[in-house]
Amino acid sequence: MKPVVVRTIDRADAAAVETLGSLGTSSVHEAMGRIGLMKTYMRPAWPGAAIAGTAVTVLAQPGDNWMLHVAVEQCRPGDVLVVACTTDNTDGMFGDLLATSLQARGVRGIVIDAGVRDVASLKAMGFPAWSRAISAKGTVKATLGSVNIPVVCAGALVNPGDAIVADDDGVVVVPAKRAADVAEAGQKRVANEEEKRKRLAAGVLGLDMYNMRPALEAAGLVYVARLEDLDR
Amino acid sequence: MKPVVVRTIDRADAAAVETLGSLGTSSVHEAMGRIGLMKTYMRPAWPGAAIAGTAVTVLAQPGDNWMLHVAVEQCRPGDVLVVACTTDNTDGMFGDLLATSLQARGVRGIVIDAGVRDVASLKAMGFPAWSRAISAKGTVKATLGSVNIPVVCAGALVNPGDAIVADDDGVVVVPAKRAADVAEAGQKRVANEEEKRKRLAAGVLGLDMYNMRPALEAAGLVYVARLEDLDR
Amino acid sequence: MKPVVVRTIDRADAAAVETLGSLGTSSVHEAMGRIGLMKTYMRPAWPGAAIAGTAVTVLAQPGDNWMLHVAVEQCRPGDVLVVACTTDNTDGMFGDLLATSLQARGVRGIVIDAGVRDVASLKAMGFPAWSRAISAKGTVKATLGSVNIPVVCAGALVNPGDAIVADDDGVVVVPAKRAADVAEAGQKRVANEEEKRKRLAAGVLGLDMYNMRPALEAAGLVYVARLEDLDR
Amino acid sequence: MKPVVVRTIDRADAAAVETLGSLGTSSVHEAMGRIGLMKTYMRPAWPGAAIAGTAVTVLAQPGDNWMLHVAVEQCRPGDVLVVACTTDNTDGMFGDLLATSLQARGVRGIVIDAGVRDVASLKAMGFPAWSRAISAKGTVKATLGSVNIPVVCAGALVNPGDAIVADDDGVVVVPAKRAADVAEAGQKRVANEEEKRKRLAAGVLGLDMYNMRPALEAAGLVYVARLEDLDR
Amino acid sequence: MKPVVVRTIDRADAAAVETLGSLGTSSVHEAMGRIGLMKTYMRPAWPGAAIAGTAVTVLAQPGDNWMLHVAVEQCRPGDVLVVACTTDNTDGMFGDLLATSLQARGVRGIVIDAGVRDVASLKAMGFPAWSRAISAKGTVKATLGSVNIPVVCAGALVNPGDAIVADDDGVVVVPAKRAADVAEAGQKRVANEEEKRKRLAAGVLGLDMYNMRPALEAAGLVYVARLEDLDR
Amino acid sequence: MKPVVVRTIDRADAAAVETLGSLGTSSVHEAMGRIGLMKTYMRPAWPGAAIAGTAVTVLAQPGDNWMLHVAVEQCRPGDVLVVACTTDNTDGMFGDLLATSLQARGVRGIVIDAGVRDVASLKAMGFPAWSRAISAKGTVKATLGSVNIPVVCAGALVNPGDAIVADDDGVVVVPAKRAADVAEAGQKRVANEEEKRKRLAAGVLGLDMYNMRPALEAAGLVYVARLEDLDR
């Protein structure tokens, strides 16, 4: 495919994105029907960061951050830069200079299936980053990639404009068209959980609250006093 | 084997468990004769947590946390939930709702050879968790496993009732019957280390304090001024 | 090769080492021409530590920390202990007793391609450690290795006396003879970056600041409004 | 998302698929513009197998092969079954019974981002399989997934009907709509390579055949007699 | 624990072990209730080997094969040597000299959670080995371990005398006391599979043969002509 | 460092290299004093290949095989191409066209810390390759590296001209200056092993042949009839 920069993308609804961010990745992932999660090797460069935004995507070459510079220009306030790589790579493709530039444009964070560096500075700046590695290794600017094409980042399909939710539990992708529905489903789910939390804190067992006992018995679960009592 | 829940287990002596907790994993592991340590991929969900307790064990299916709900009922104050999986899995099988339930029963923490989620909440609640991964991915409740059978968790054999010691250095298992002996041996070891620490801080070399020089010479260690002086 | 301890090594220039430490690993790595970085699995035992010093090297056997005790005697104030292992190993070869001894001799930290333990104590002492793992597993003292020979540590060649720079971004090795040149090049680089940072923060695009547009066009990058517009 | 089986899919052109198979993965991947390759952990269960076909896709749960049985019915002669998993899993989801069933329907092989078993039987049957693991571990049939939806398998996006090429070098996905173009580009490429091979075998250097010397000189490559001659 | 060699162990019934070997790992694992499988990183040093025997266990130190020499004396015809390591290690602890010695005693193979070497010789000798790695790296003989104690090898608990079944699909452990029962269950299972295989080869769908359609419908599986038809 | 090609290197003695090849990696590694082995992830692209030769070294960028074309010109009959990469990478940097070129110059094989492709062709040509991965992914020709400088390949230091020995057990590096000594030591070792092999095949125990019993007793090894007899 030709290297290309796509200038016009359809971003997920801004209000829905805000709601998704308030829900957090775990609730959003459940509300999605348990799909859209990136691989668990994606970790925050510094703990406690939590963001939501709309994806500007980059497909980069290993050890080459040329296209990140190109992508900056395509970003708007509220975006999240999502960087996939044509092959597994841990080089430090992203550091505090690029972060300065993104922050100046109102970008909320970066999600990159490669390495980041200048971790202490990123934390001091309050610029969040999720990556597969931390690495001081710098990169060349030699080979083209693309901006705002569909990419697979850490095992998840990301289309430009999709909603990205990221926090200490990982990174979840919500297709732009489903953002409003998922936000609504997630809000119901969280309200419901709050009620459950109170009952569980009061000592009610999940076994009873969820009425699991009949299903467990039907599935064949056996209770014995001691393991020796089991007729295997 | 049939899926089973064992209701009666022999827990390690409570006083011995307290002592083991005060010693920490590194000292306990040495006092055990350097066995019983889980694989080093088991890491705390948040740093600084340090616990000791008696194991309630779970054998779960990958991506399925049904049996964790079953296990909650078998827990007593002072227990630690130890979850093994029938196959390698990183899904977020454990989150803040289950933690609320365990905390309500006086459980001290969870050790799980899979993923946990809601990390920010777990830290806020002060509920400790050691796991192989952090993942927002939720799980189904479809297939039975067992509670309080012997399991292999992160490479270590855990029998129900064994003492579990966990901190920033990892997770160690002490067989219930050996808990008192190991606690005593560990206390002697720590007292001895305190004395050594003072001497080392004063500049005494370990080479002299441990009288290593004769053994090193006997083993054939050669000192030269420069590498070129070595007759290979 | 015979096991050997080399007593006399040529250390990198002290002033250059201080400068390298002030630059940090990412800038030093760039100034080196993007070589000399250890593998990214080397992580700090506690975040925020940042050191530079001269290498005293150890080649140890897996699960055996005998030679670390030998190496302590060869250390001077301003050194960093660099431990390679004859085979991949994650055992906790280094803990707070050895740290006490090193700290008493003015050593600035340890870089070890194996495991460390007593992480909470190391942090409390303020003694920095970079390692491939954290592990409570103790070690034997049974087999010889060597001190102050050239070693490959986490994929990087380290000669005794080389400058070691380590922080949250990783660990970089600078050959002793190149320390002064790299320090100078790094200082220029950082000064230059400060200027760039201001412009980027003011909203100037890297595309323009680095004058990338002609090169991108020459390389064949295409801009389209929508992906459908692309003639593949 | 609701679990679903899609019955009607648009398969890549059969003649183009045959051509792609004759080219092999390496040539196809080049002809594609170096995209579409699955992660290199996907290996053939037995060496020497080489196939091309049209994808019938499955999204399965970890440790659960229920949906593979569902997918068999959707397969036609010339298809390849492509199985993605909602989370990383190595269980032996596929063995000789399912292979017998697929072979009876004219399916050419399976590509599965999990484990396979009965390897000796698969080889004896001549049924090819590419997987991330080999594992005797059987699976349950408890939770639904989907058939013939877009999936990410081993890092590559696969739409139902896409052309799949697999051999000892790995697995490549060609979008159904691009199959004919890629097949044509690949054929030209291979014809061109044959010519080059003869010249290289005759001792012509690639440096000269590809006329690389001017570009290397422009990029700054220096030739010296000995490393000491280099002015760094 | 003190280093110890246990001379007397209770071996699984010889006839049952033969039967288990004829069934192969996948069938045995199913007949066991899907437990007892070692991690999938355990691979044969050469393909096509398939054995069953009774375990003589070794707990060795990393990079140290002293205890393997000790264990040879404890082996009888029909045994399989099972080697666990106190920590993760890939050194070549086992080669053709030890294999010659084991073969002279009628041992059927080795299962080792570390490395083996002399792979070409092992294949030429027809001595089977399953390991986590292949490595030319030799080992020291410096530190004691134990023989014939319970060990955790590649994630599975192995007691001395347990039946070990190993082939191209992996390694399965059957407790000595359960060997006869599992052998019987496995034989029934295989007979049953033969019948199924014929029907599947004749084109009968597993969906119908296993009567899966009602359960799939009950679980909520939806069939649509095209994905666009799905009401999400 | 500037990108450079070094034209003149000191190759290990040809006769010594032949001897090293006849010994194989395991014997050479022992004769070296158990150093010089590459990481065990380096595996042959096809089993059974066994070579020895003198190293022409390449330092390449990830996903870029430009410098391999440059290196071909520096090769002589009897050489082995050794390719290190500035960062971890698995792309298929080497295939049958480059192999044709190397074979035309009398090169014996390639050792590459990245990926190779065209595996079926390499096997058909009889051109041996050791690599960390097999991958159909092609590479760009965009960034310079160096030829014939010291490199770290798969964890081992390789200087141009060093002897490389590679077979099914892995890859070992012998410094050019030590080649003759190591070859001689290895020959003695192998002669000695032949004698031992005969005795072991006749049933003599290694325990007795190596006179290990006194050392084992001195180290504290205890023999008991049953584990219960052990006084822990």
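Here the chain labels run A, B, C, D, E and F in written order, and each chain numbers its own residues starting at 1.
Here is the rule we go by: a contact is a pair of C-beta atoms (placed from the backbone, for glycine too) under 8 Å apart; a residue touches a chain by one contact, two chains touch by 3 or more.
This is a predicted model, so every value here is computed, not measured.
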- Message: Just to be sure I understand: going only through chains that touch, what's the smallest number of steps from chain B to chain D?
- Response: 1
- Message: Per the definition at the top, count C-beta pairs in contact and tell me whether A-F or D-F has more.
- Response: D-F
- Query: Where the CA atoms of chain D average out and where those of chain E average out, how many Å apart are those spots?
  - Reply: 30
- Query: Approximately how many whole Å separate the CA-defined centres of chain B and chain F?
  - Reply: 39
- Would you pick out the residues of chain B that each touch at least 2 other chains? 1-2, 34, 86, 88, 90, 137, 143, 232
- Item | Residue ranges of chain C in contact with chain B within the complex | 1-8, 66, 69-70, 72-73, 90, 92, 95-98, 100-101, 103-105, 115, 117-120, 133-138, 141, 143-144, 148-149
- Query: Touching chain B in the complex: which residues of chain A?
  - Reply: 24-26, 28-30, 34, 37, 40, 43, 48, 50, 167-170, 172, 193, 196-197, 200-203, 205-207, 210, 212, 216, 219-227, 230-232
- Message: For the complex, give me every residue of chain C touching chain F.
- Response: 1-2, 32-35, 39, 86, 88, 150, 152, 155-157
- Query: Which positions of chain F touch chain A when the two form their complex?
  - Reply: 61-63, 86-91, 137, 140, 142-143
